[in-house]
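Chain nomenclature is as follows: A, B, C and D, assigned in order of appearance, with residue numbering initiated at 1 for each chain independently.
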Amino acid sequence: MSENNPYIPMPVEISKIIDEVDTHDIKTFRFTFVNKDDEQKFVYLPGQFAELSIYGKGESPIGIASAPTDAGYVEFTVQRAGAILPGLVTSALHDMDEGGRIGLRGPLGHSWPIEFLEKKNIVVVGGGFAFTTLRSLVKYMLHKDNRSRFGDITVIYGARTPGLLCYKDELAAWEKRSDIKTIITVDKGNETWTGREGFVPAVCKDVAPSPENAVAVICGPPVMIKFTLPVFFELGFSKENILTSLEMRMKCGIGKCGRCNVGYKYVCSDGPVFSLAELEDLPRDF
Amino acid sequence: MLVLKKTTIDKLPELAACLMEKGTLVAPVKEAGGFNFRAITDAAQVDLIFHNTILSPKTVFFPQTEDFVRYSVYQPILEAKPVEPEIRPTFLFGVRPCDVKSFEIMDIHFTRTGVPDPYWRKRRDATIIFGFAFDTSEEADPAEFYHTLGIGAADPDGSDVFMLRRDDVLFLKAVSPRGENLLGGLAGLTDAAPDERKYFDDYIAQGHDYKTRYTCVDAEAIAKEFEAIFHNTDFWTKVSNACLSCGICTFVCPTCYCFDICDETQFGQGVRRRVWDACMFTDFTLEASGHNPRTQVYQRLRQKICHKYSFHIRKYGPISCVGCGRCTRYCPVNIDIFSIVEQAVQAKWYKRM
Amino acid sequence: MAISFEQIEQHLKTEALKLLESGKVILVLAYGRGYDANHPMPYVAKHPSDVDNIVFNEYCTANLARYLTRYPRRTKIAIAVKAADSRAVVQLIQEDKVCREDLVVLGIPVYGMKNFKTGEVIDSKTTGGLYNPVLYDILLGEEVHGQPVSSPYDVLAAYEAMDKEERWAFWQRELGRCIRCYACRKACPMCYCDPCFIDQNKPKWGEKSPESPGNLMYHLTRFHHLAGRCIDCGECSRACPVDIPLYLFHKKVAKDCEEMFGQAAGMSIGDKPVLVNFRVDDSDKILE
Amino acid sequence: MSFEPKILGIACNWCTYTGADLAGTTRLQYPQNIRVVRVMCSSRINPSFIFRAFQLGADGVLIGGCHPGDCHYNTGNLYARRRLAVTKKILEFSGMEPGRFRVEWISASEGNRFAEVVREFTEQIRDLGPQTKFKISQ
């Protein structure tokens, strides 16, 4: 039963832990595969997710934060969760050290539609730590082999405070590059913050990316998505060209356990990436 | 060639013993609360004088708990061992036609689409199904409505061997090649006489005339109808006012497949297993972030009914319901899925036709 | 029989109509027709025109008090209660889950109810054995007197007489059948916790799979949580799809509580539930 | 191999636990079969602790609290008394040997009494033998 059993995770080792934010509850974990075969099998594209699996605690679906162009490892940015029922997996993971081993099941779900994005101008809009799969997308597009396949890239990324911005080094590097326009905003700055202040929807309105041959890729907390979608719609983006990623409680990740459905679609196997046009076809039950 | 054999009800233990030699026999057994399918340990346990079981025969292919991996929290992950399920040739004996139909519907979900589920597939492949016609001389149970779903009281489709009882004689007909092979090798069965063959064929043909509750349901149309009333909160509140939001209807249902994956650790040793879950439970969709898209009873009942009569149709084609009536029969407050469907049918499209 | 089911149904309809029309309540919790006459279901009448759908017959066993905690406070509700159900209402008032002022209690004096699944007559074996509601604003009919009264605890004698090994085997067998559909807790008017202790994952009190240890933990703790609160309506056992006689254990705990603390659950609004109360002169003997 | 009972002691911080301390500091001998968990008050003890302890292999559970009337929080042990009485009845009706569960009031000055109770209880459990009913098989 161990061969090709979709429920059995592959072992991975934590090779690096990066503390992303000043509240220390969001960390990026870099994993290397214990079995080299697994690395060959783990072929993914930005936007997909995987189940992080710790025996005795459970499994947790997390978006892949690294890009397929990062050879030899995969990264996941994980927040310590638990509002009503404690997040057992994320807490256990946060308590682990480099060298620890856990299980990984994936890649799961559909990626951002790379072929559809090719030759188009891309507007990437992210908020908070939901930026993970967007970071993967941006890294993928910025890779020297891929950059020419895409048009202009604009990144609009916001967090509540400067300390809560993830991937600070990378953001700084992007800001220096000429082939990507990076706009970073915080809801409320501090004494050292010299960048923009303001909510993501307002900033989007302000920046007003052109809808001409452009696709908006949006991911963030529900309230940000709720207010950002209309902004892009007003800017003239068609519903097919506004993409977002949904979240639901998942267990199996392969469309069998039946809990992550929105209408007739399973978020895990039919999503998590949906265009606004697709979402409008589904009942508002998420 | 049509193989039709017969035996008598009092010789049932002999037939059971014969099957038990060849593998595991799963058959209806009378228990304290009613009948259930159980692995038979004593041939005399098999009891065919039943209407239908409490839990559906899906328990054979999709047991309530299925172990995936055994692990120890003290040992590295590489020491975790996948659990090899013990799967022997199985004879699933005495399954009602509507339940046989449910296997076909579940096959679509588990093995015919997406990533196949290895456990369902292996168990399914190892099993020979003995369908068993309803007794059409009895009055139908008021909860049943398989007629609505186009299933007859004596449909042999999907079975490997199909059985029917005439007083104290039990006829067994091979439906599939596997069934034919099996029947040929079973001792103690005698060939049926020509007039009995006629009786058998007539009985099956007449199965469709046997009336359970009926309403005109067309898969495509009903799917659309439920989509149209999905946001009609008044309708859903009304039908769910009585709902207790327990898990009975989903646990007894032959086509409900939702499960949870849990890690259960005792004394440092644990097993990761899947356990049935129910969309009626409050924490079914509760995310770790605290967000729960279905906090209200009406949302959960709506999910259940729309899943069966709308989402499943759009995703896989058939209606995910076989009209066995279990959910209605065991509901502590008599919520009836048939009445809800009927109300939805009467709501609009039926009138338009 | 002093009063027929048809008369009660008539009274129920009349009172419900009056209450809804006058605006004194915004909803009436009563019984409506299910898929056939023998299978009525709880029904919520919100509009005077809904009143026609109200029915009452011998199969109307459900305890409607279960639905009270589903509505926000200050919702004006009229509720039809039979004897045991009225105790549930009293108990909920004691626990401050509902306000007395929000409720119009329509009492139904009745005996000879039947289980709609089995047709069995429901008497003091599975429920409290009372005929008249202990609390009502409007009585639909007249109080029943002169019927034989038997103790609800008589049925326990056989089980108390068992030795502990036999009893252990009995409960192992019964609770071992549990499929963890949680109908017992959902049918129970007193089980209103969200999340229920068994759904908590830190600490994880019991296993989720339907095997003996988890079942034992779930049921024993549930019996404990209902100690001094169970009003003996028997709904848990009737809801159970595999017929586990949960009422026996609940009755036993109720009996012990009554003996030790001298108070039965849900009999008077002024009482305090026994386990959130104490007397300085409680005897240490109860611990022996 | 002779049977060594495993006993879970749950003791209130103010009386029984301090009493146990006193037993220790005065070098009183009592069996090592008891593992004491300290809680702030006997009324903090959730009955599930007791069921779970038995499930996880305790052969006996001993609960210690302040004498009624002496509770550090005035009334905690009075609630606990009622609650634990119910726990005892439930264990009994489920078929568990009643002798495996005991509640004792032991004050901070009763080191002797603590040692005595533990000795007595351990012997009692030893006589009852291993607890197999609730224990989850490995």
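The criterion applied here is as follows: a residue touches a chain if its C-beta (ideal position, glycine included) is under 8 Å from a C-beta of that chain, and two chains touch if they have at least 3 such contacts.
Please read all numbers here as calculations on a predicted model, not as lab measurements.
S.K.: Any idea whether B-D or C-D has more C-beta pairs in contact?
M.R.: C-D
S.K.: Counting only Cα atoms for the centres, state how far subunit B is from subunit D in Å.
M.R.: About 49 Å separates the centre of subunit B from that of subunit D.
S.K.: With centres defined as the mean C-alpha position, give me the subunit C-subunit D separation in Å.
M.R.: The separation of the two C-alpha centroids amounts to 34 Å.
S.K.: Rounded to a whole Å, what is the gap between the Cα centroids of subunit B and subunit C?
M.R.: 32
S.K.: Just how far, in Å, is the C-alpha centre of subunit B from the one of subunit A?
M.R.: It comes to 39 Å between the two C-alpha centres.
S.K.: Could you say which residues in subunit B touch two or more other chains, in rising order?
M.R.: 260, 262, 283
S.K.: Give the residues of subunit A that touch two or more other chains, as numbers and ranges in rising order.
M.R.: Expected reply: 84-85.
S.K.: Going by the touch rule set out above, which residues of subunit C reach two or more other chains?
M.R.: Touching at least two other chains: 195, 199.
S.K.: If two chains touch, include that pair; go through all of them.
M.R.: The set of touching chain pairs is A-B, A-C, B-C, B-D, C-D.
S.K.: What residues on subunit B touch subunit C, complex-wise?
M.R.: Per the touch definition, subunit B meets subunit C at residues 31-34, 54-55, 64-65, 142-143, 238, 241-242, 244-248, 251-252, 260, 262, 264, 273, 275, 278, 281-283, 297, 328-330, 332-336, 338-339.
S.K.: Which subunit D residues qualify as touching subunit B in the complex?
M.R.: The touching residues are 56-57, 136, 138.
S.K.: Any idea which subunit C residues touch subunit A in the complex?
M.R.: 195, 199-202
S.K.: Under the stated contact criterion, what part of subunit A meets subunit C in this complex?
M.R.: 84-86, 88
S.K.: What part of subunit A is in contact with subunit B in the complex they form?
M.R.: Touching subunit B from subunit A are residues 1-2, 4-8, 11, 34, 55-60, 81-85, 87, 90, 101-103, 222, 247-249, 251-252, 254-261, 263-265, 269, 283-286.
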